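Chains here go by letter, A, B, C and D, matching the order in which they are written, and residues are numbered from 1 within each.
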Amino acid sequence: MDWIFVAFIVFSTIAILGSLMVVLQKTPVSSAFSLVLVFFSFSGLYALLGAHFIAALQILVYTGAIMVLFVFVIMLLGQDQPTSDLKDSSLLFKGITLLGAIGLLNVLLQAALSSKDIVGKGVYTEEKINEMGGNLKSISEVLFKDYVFHFELVSFLILGAIVATVALAKRKNSLSGGVS
Amino acid sequence: MSILLIVLFPLIGFLINGIRYIISTKKGTKISSQQSGMIATFAMVLSFLVSVYYYFQFNGQSNEVKLIDQNLFSWIKIGAFHLDFALRLDPLSLLFSLIITGVGSLIHLYSIGYMKEDASPAKYFSYLNLFCFMMLNLVLGSSMPHVFLGWEGVGLASYLLIGYWNLDVEKVMAGQKAFVMNRIGDLGFLIAMFVAYKYVGSLDLIEIQKSTMSPFVVTVFTGLVFFACTGKSAQIPLFTWLPDAMAGPTPVSALIHAATMVTSGVYLLNRISPLLIQAPQVLSVIAIVGVTTAFIAAIIACAQKDIKKILAYSTISQLGFMFLACGVGAFDAGVFHVMTHAFFKALMFLGAGSVIHALHEEQNIFKMGGLSKKLPITTITFVVGWAAILGIPPFSGFFSKDEIIIESLNSPYGNQVLFAMALLTALLTAFYMTRLLVLVFFSPSRMDKDVEEHVHESPLVMTFPLIVLAVLSLIGGFWHHSEGAHENSQMIMITSVAVAILSAGFSFYRYRKFDSEEQTNNFIENGLGINNFYNNFFGKGVTIVSKGLFRWIEAGIIQNGLKFCTWAVEFSGNVLKSFQVGSVQVYLMMMVLLGLSLMIWVLQGVMHGVLIYGK
Amino acid sequence: MNDPWLMLIVSCTVFVIGLIGVIFRKNLLVVLMSIELMLNAVNLSFVAFSKIHHVLDGQINALFVMTVAAAESAVGLGLVIAMFRTLKTADSDQIQMLRD
Amino acid sequence: MENNQELTALLILPLLGSLLSWFIPKASQRLYALLVSFLQLATGIYIASHANFTKGGGLEQTLPWLSDLGIQLQLRLDSTSVWFVLLSGFVSFVVLGLKGSWYRKQARLFTSLSFFLIFAMNTAFLSTNLIVFYLAYEAVFIPMILMVGIWGTNAKATSVFRFFLMSFFGSILMLVSIFYLSYLSFLKTGNLSTNLDDLMKLSADSNISLSLCFVGFLLAFAIKVPLFPFHGWLKEVYVNAPTPATIWMSSLLSKLGVFGFIRFIGPLFMPTFVEYQGVLLALAAFSVIYAAFLAIQEKNPKSLLAYSSISHLGFVMLGVFSLSDAGRTSAIVLSVSHGLTSAVLFYLYDLIEVRKEGISMDRYSGMARQYPILFVCLFIGVLASLSLPGTFNFVGEFLVMLHAYPVSALCTILSGIGVILGSVYMLKFYQRIGFGKSEEMTSTADIHGFDLIVVMVILAIIIYFGFQPSIFLGGVDNV
C-alpha cells in the first residue's frame, strides 16, 4: 500500500464526510466551515492526480475568495441561527428524492466503473508533461494556444458578474418601497 | 339601325333618371314628375319606334330572313364553354318587344299623371325603365343565360316596384314574396340550363331547339323550364304572389303584373316549343296546370272585394288560358292571347287605377258605384276592356280566347275535359268581370259623401293611354289570322259567346241594384286557403327548420362541441397546473427524477457506444 | 496515482450529496453551498478524465468551471441579499410570487 | 415559367410598411396606410400585367433559405395565386380607408398589424414551399387575433380562443402531414424537400397511401374556409371582431382555405381527392343550405352576413370539389367576387352601424329614406350577394354550378335551394335595416367622400366583371 493510496483514502473520506456535513449541518456557518474542509481535501485530490495548478487554484479561488464571500454574506444576513428546514419537508418528498438520488448515484457509479478499462489516447502522458517542464507549463501551453479565445470570453463573464453584482447590490433604494 | 337600340333606350332612361334621383337626394331638391316621366316615356317611345321599324322590315319577308343576330361581346368563355352576349330578333321576340315598348310607353305616359304626387318620381321612372330594359333583354336574349339575366332582372324590378312605398312593411313583404317565389321558379331555369349544357353543350336557344336529346332529357329539360314559367307567370303551384303584388302602384300592376312580365312564361314556352312537342307528358301537364289555374283563379276572383285583386286573379286566370294554349300545342294562340290580353288587361288596370286615383286610394268595389257619370272616359274604355275579356265579337279577346277554347278540343293534345273546364272558366270570367263593372260603374253609389264630392275624371295624360288601349282592344284581334278552321269551330264559338253573355247577364241582374257589401265566402276570398297553406307550410316551415337547425345542430352539437373542446383544453391545463406547486424544491425533485429516467434511457445506448469505442 | 477512476467514485458521491443538499435544504445560502459542492465534484471528474485520457483539456475546463463558479456565487449571493432585503428571509419556499 | 426578381417586392413592401408605420405620426396613420396599400396594389397589378399566365405560365422566384432542410423561399405567381394576391391588395386598400376606433386607439399598432397581415397573406399565396406556406399560414393568426383582442367587442376573448383552437388544431395536423410527405419523398428520392413540385410526384406513385395526410390538409383548409361541421368558430369571431378584421376574415382568410385546396390538396392528393369527392360535394352542398337556413333566423345583421359568407363559400367549395379545371377556375372567380361583395357589405354595414346603434333583424329600422345613396349602394351589394345575373357573383356561381352539375346533379340542385334561401335572408337583411318607418332622425350625413368612392368603385367592378369576366377565365384556355 503506497502512500499515495493512503492519501487518497484520507482525502476522499474527508471530502465525502465533509460534504455530508455541509448538507446536514443546521447552521449555515457550520456548513460553510465543512465546505472549507471539502475544498481542502479536493485540492489534495487534484494534487494526487498531478494537477498541481488546479490544486493551487482550488485553494486560492474557493477557499480564499468564495468561502470568504459566503461567510461574509452569512454575517451580513445574520444567518447564525440553526434552521429546521430539513425537518419541514414531508417524508414522502424526502423518500422520493433519496430514491432518485440513489438511482442517480447508481447510474453514475456504473458509468464510472465502465471507465476503468479506458486506455488513454491523448498525447499528454505523464512523461510528456514532465518533458515539457511540469503541469503548469503544459497547461499554459494549451490554455494560451488552443483556448485563448475562450479564456478571453471568460473575462467577459467575470466582468458581467461584477456588473450584475453591483447592480443587485445598488437596488436597495428603488426596491425597498416597491415589492413586499 | 340596330336591335341594340331597342334595349339601349330604356337603359339610358334608367341611368338618366337614376342619376337624377341620386343627385336630387344629395342636393335635397325635388324633381317634378313631368320631367322624369317625359324622359322615361321618351326612351320607351324611341324604343317602340325602333321595334316598329323592324316590324316593317320583317313584314312581307320570308320566314328565313326574319332573324337578326347581333353579337355584342363575348360574355363568358371558359374552356369549352363559350357564351356570347348577343341579341336576337325574330317574329316572336319582335311581337313581345312591340307589346313591351308599346304598352310600356302608354303606361309610362299614364304614370306621369298617376305618380304626380309622389315624392321621388325619378326613382319610380328609373325602376320602370329598368324593368323594360330587363324585359327586353328577356325576349331578345339569344342564349339561356341572357334570357335568365332578363328573367331575374324583371323579378328585381318587380320587387322594387311592388315595395315601392317602402314605409309600409306589408308592401315590402309582398315584394319579397314575389321575388322569392319567382326565385323558386328560377331554380328550375338554372337547372334547365345545366341540363341543356350537359346534353347539348351549348346554351344558345336555337342550338337547344335544334338539338336532339333523348326523350327523357327532353322531358326533364322542358319540365324544368315549365317549372320556371309557373313561377314567373303565376301558375299553380307558384301563383300566390301575384295578388299580393298588387301592393305596388297601379301602373306597375298594369305593366308588370298584367301585360308583360307575367307573360314571359308563355314566351319561354314558345321559345322551346319544338322541344315541347317532343315531350307530350310535359305538354299535358302544362295544359292541365293551365286550365286548373284558370279555373281556380276565376273562382277566387268571384269572391274578391278589392278591385285590383279581382284583376290580379283575372290575370292569373287568363295566364292559365295562355298556358292551356301552349299545353295543347297551340302556341300561336297563346302568343296571340298574350297580345290581346296585354291590351285589355292593361286597359282595365289603368282604368282601375283611374278609379282608385279618383277615389283617393279606395280599392273596395263595394265602396264604389255609379261612377259612370263622373268618369265617362274611364267607364267607356273599361267597358271596351270588359267586352274584350268576355270575348264578345268583334273585340280582340274574342278572337284569341275562342281560338284557345277551340284548340283545347280540336288539337291533337286537347280533350273534352280541358274544353269543358275552359268553357266553365269563360263563364266564371264573364260573371266576375260583369260584377266588377256593374258594382264600380253602374250600380247605385255606395261611396262616402266626402269622397264622392271629390271624384273627378283623370287628366288627359292618364285618359289618353286608356283611349289608345281601348282602341287596340277593339281592333287588336284582326292582326292575327287563324288558319284551318274546323267544322265545329263555328259551333264552339257561338257556344262560348252565348255562355259569356248569359253569365254576364246573370251577373248584371244580380248586382245592378246592390247597395250593401256582399257576404262572400271567406274561404274562397282568401284564395281557397292556398296562400295560408303556403304561409303555414313553407313560410313557417322554413322558420321552423332554421330555428330547429340552429337549436339542435348549431347550438346543440357544433357550438357545444366547440365548448367541449375549449373546456377540454382548459381542463388539461388545470390538471397540469396542479404540478406547479410553487416550491423550488419540488421542481428540482421533478427535474432530477425526469433527468434520471432520461439518463437511464439514453445511457443504455451510450454505454454500448462507450464499450464499443473502448474496444 | 495509477487508478484515477477511483476519483470518479468520490466525484459521483459528492455530486449526489450536493444534489440532495440542493433539493432538501431551503436556506438559500446552504443551497448555494451545495451547488458549489456539485461543481467541485464535476471538476474532480474533469481532472480525473484528463488523467485517464492523457489530455489536458479536462484541466482547462476545470479552470473555466472555477471561474464560472466564482461568478455564479458572486451573483447568487447578490441575489440572496436582494431577496433578503425584500422578503426578510433566505428560505426558498418563500419565493412564490410568480405562481398563479 | 419565367424567373422574376420582382415577386419579393410583394412581400417586402408590406413588411416595410409594417415596420415604418411606427415612425409615422398617429394623426396621419390612415393616410400612410392608404398610401402603402395603394403602392402595394399598384405593384401587384404592375407585376401581374407583365406576366403571361396562359397555359400554366407565370412568374417564379427562388431564394435560398434553409436549403439543408429542403426549405426554400420559392414564390410563384400563376393563374391561381395572382387573383388572390390582387384581391388581398385591393381589399386591404379598401379596408384601411375605413375610419373607426382602430385609428383612434393605438393607431400605429393597427397599421403595423395590418401590413404584417398582408405580408403573411401574400407569402402564403405566393409560396410553393409547404413549410414556408405553413409558417405564413400561421403567421396570419397573430395580427388577426391581436386585432380582435384589442379592437373587438363583447365576447372577444372566448371567440378568439375558439378561433385559434380550431384553426390551430387543423394546421398542426397539416404540419405533421407536411413532415410526413417530405419524409416519404426523402425515402423515395433521397433528397429532403418540401417544395410542392417535388412532393407532387408522390401522388403519382399508387403504392403510397396518402389518405391520412390528405385528411390533415383537408381539416386545416376546411376549418379555414369553413366547411359545414367546422364552421363553429366563425360567427362569434365575425361579430366580435372590428370591421377591418371581419372583412379580412371573410374576404381573404377564408380564401386562404380555398386557395389551399386549389394549390396544394389538388396537386398533392388527386387520387385520394377523387375518392372522397362524393362526400366533399355533399358537405359543400349541405354547407350552402345549412348556413342559409341559419342566416334566416339570425337576429344580428353581422351574424347574418357571417352565415351568408359560409353559404357562399359552400358554392366555392362545390366548384373546387368538381375537380375539373373549369370548376376550379369558376371557384376562383366566385372567390374573388365573394371577396369583393362581402368586403363591400361589411364595409357598408359598418357605415350603417355608425349611423344607428342597436340594429336588429327583429324590427324595421327604416334608414333607407334618410340615407338614400348609402342604401342604393347596399342594395347593389345585396343583389350581388344574391348573385343576380349581371353581377360578378352570378358569373362565378353560375359557372360553379354549371361545372358541378355533370359531376353531381343532386348536390347542385340542393345547393340551388341555397340560392332561393339566399334571396330570403339577404332581402330580409336589406328590408329590415332600410325599410319601414324610422323612429328617430339623426343628423349624420349620407355616405360621402372616400367611403362613397371606394364603395362605388367596388360596385362598378362587380358589375363590370359581371359582363366582362373573361380576364379571370383565361387560365383554362388550353382545356
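Observations on the structure shown:
One rule holds in what follows: contacts are C-beta pairs under 8 Å (C-beta built on N, C-alpha and C of every residue); 3 or more make two chains touch, one makes a residue touch a chain.
It should be emphasised that the depicted structure is a prediction, and the values quoted were computed from it without experimental measurement.
For the pairs B-C and B-D, the larger set of C-beta contacts lies at B-D.
Each chain gets a centre from the mean of its Cα atoms; for chain A and chain D, those two points are 63 Å apart.
With centres set at the average Cα position, the gap from chain B to chain C is 91 Å.
If you average the Cα atoms of chain B and of chain D, the two centres end up 35 Å apart. Note on chain placement: the centre of chain C and the centre of chain D lie 58 Å apart, centres being C-alpha means.
Each of the following residues of chain A touches two or more other chains: 89, 97, 101, 104, 111, 115, 118. With touch defined as above, residues shared between interfaces to two or more other chains in chain B number as follows: 585, 589, 592. Annotation for chain D: no residues touch 2 or more other chains.
The set of touching chain pairs reads A-B, A-C, B-C, B-D, using the touch definition from the header. Taken in their complex, chain B has these residues touching chain A: 585-586, 589, 592-593, 595-596, 599-600, 603, 607, 610-611, 614.
Listed in rising order, the residues of chain D touching chain B in the complex are 158, 161-162, 165-166, 169, 229, 231-233, 290, 293-297, 325-326, 329-330, 364, 366, 368-369, 372-373, 376, 383, 388-390, 395, 398-399, 401-402, 405-406, 409, 412-413, 416-417, 419-421, 423-424, 427-428, 431, 434-437, 446, 467-470, 473, 476-477, 479. Touching chain C in their complex are the following residues of chain A: 4, 8, 12, 15-16, 19-20, 22-23, 25, 28, 31-32, 35, 38-39, 42, 45-46, 48-51, 53-54, 57-58, 61-62, 65-66, 69-70, 73-74, 76-77, 79, 83, 85-86, 88-89, 94, 97-98, 101-102, 104-105, 108-109, 111-113, 115-116, 118, 120-125, 128, 138-139, 142-143, 147, 150, 154, 157-158, 160-162, 164-165, 168-169, 171-172, 175-176, 179-180. Note for the complex: chain B touches chain C at residues 580-585, 588-589, 592. Residues 1, 4-21, 23-27, 29-30, 32-34, 36-37, 40, 43-44, 47-57, 59-60, 62-64, 66-75, 77-82, 84-87, 90-91, 97 of chain C are the ones that touch chain A when the two sit in their complex.
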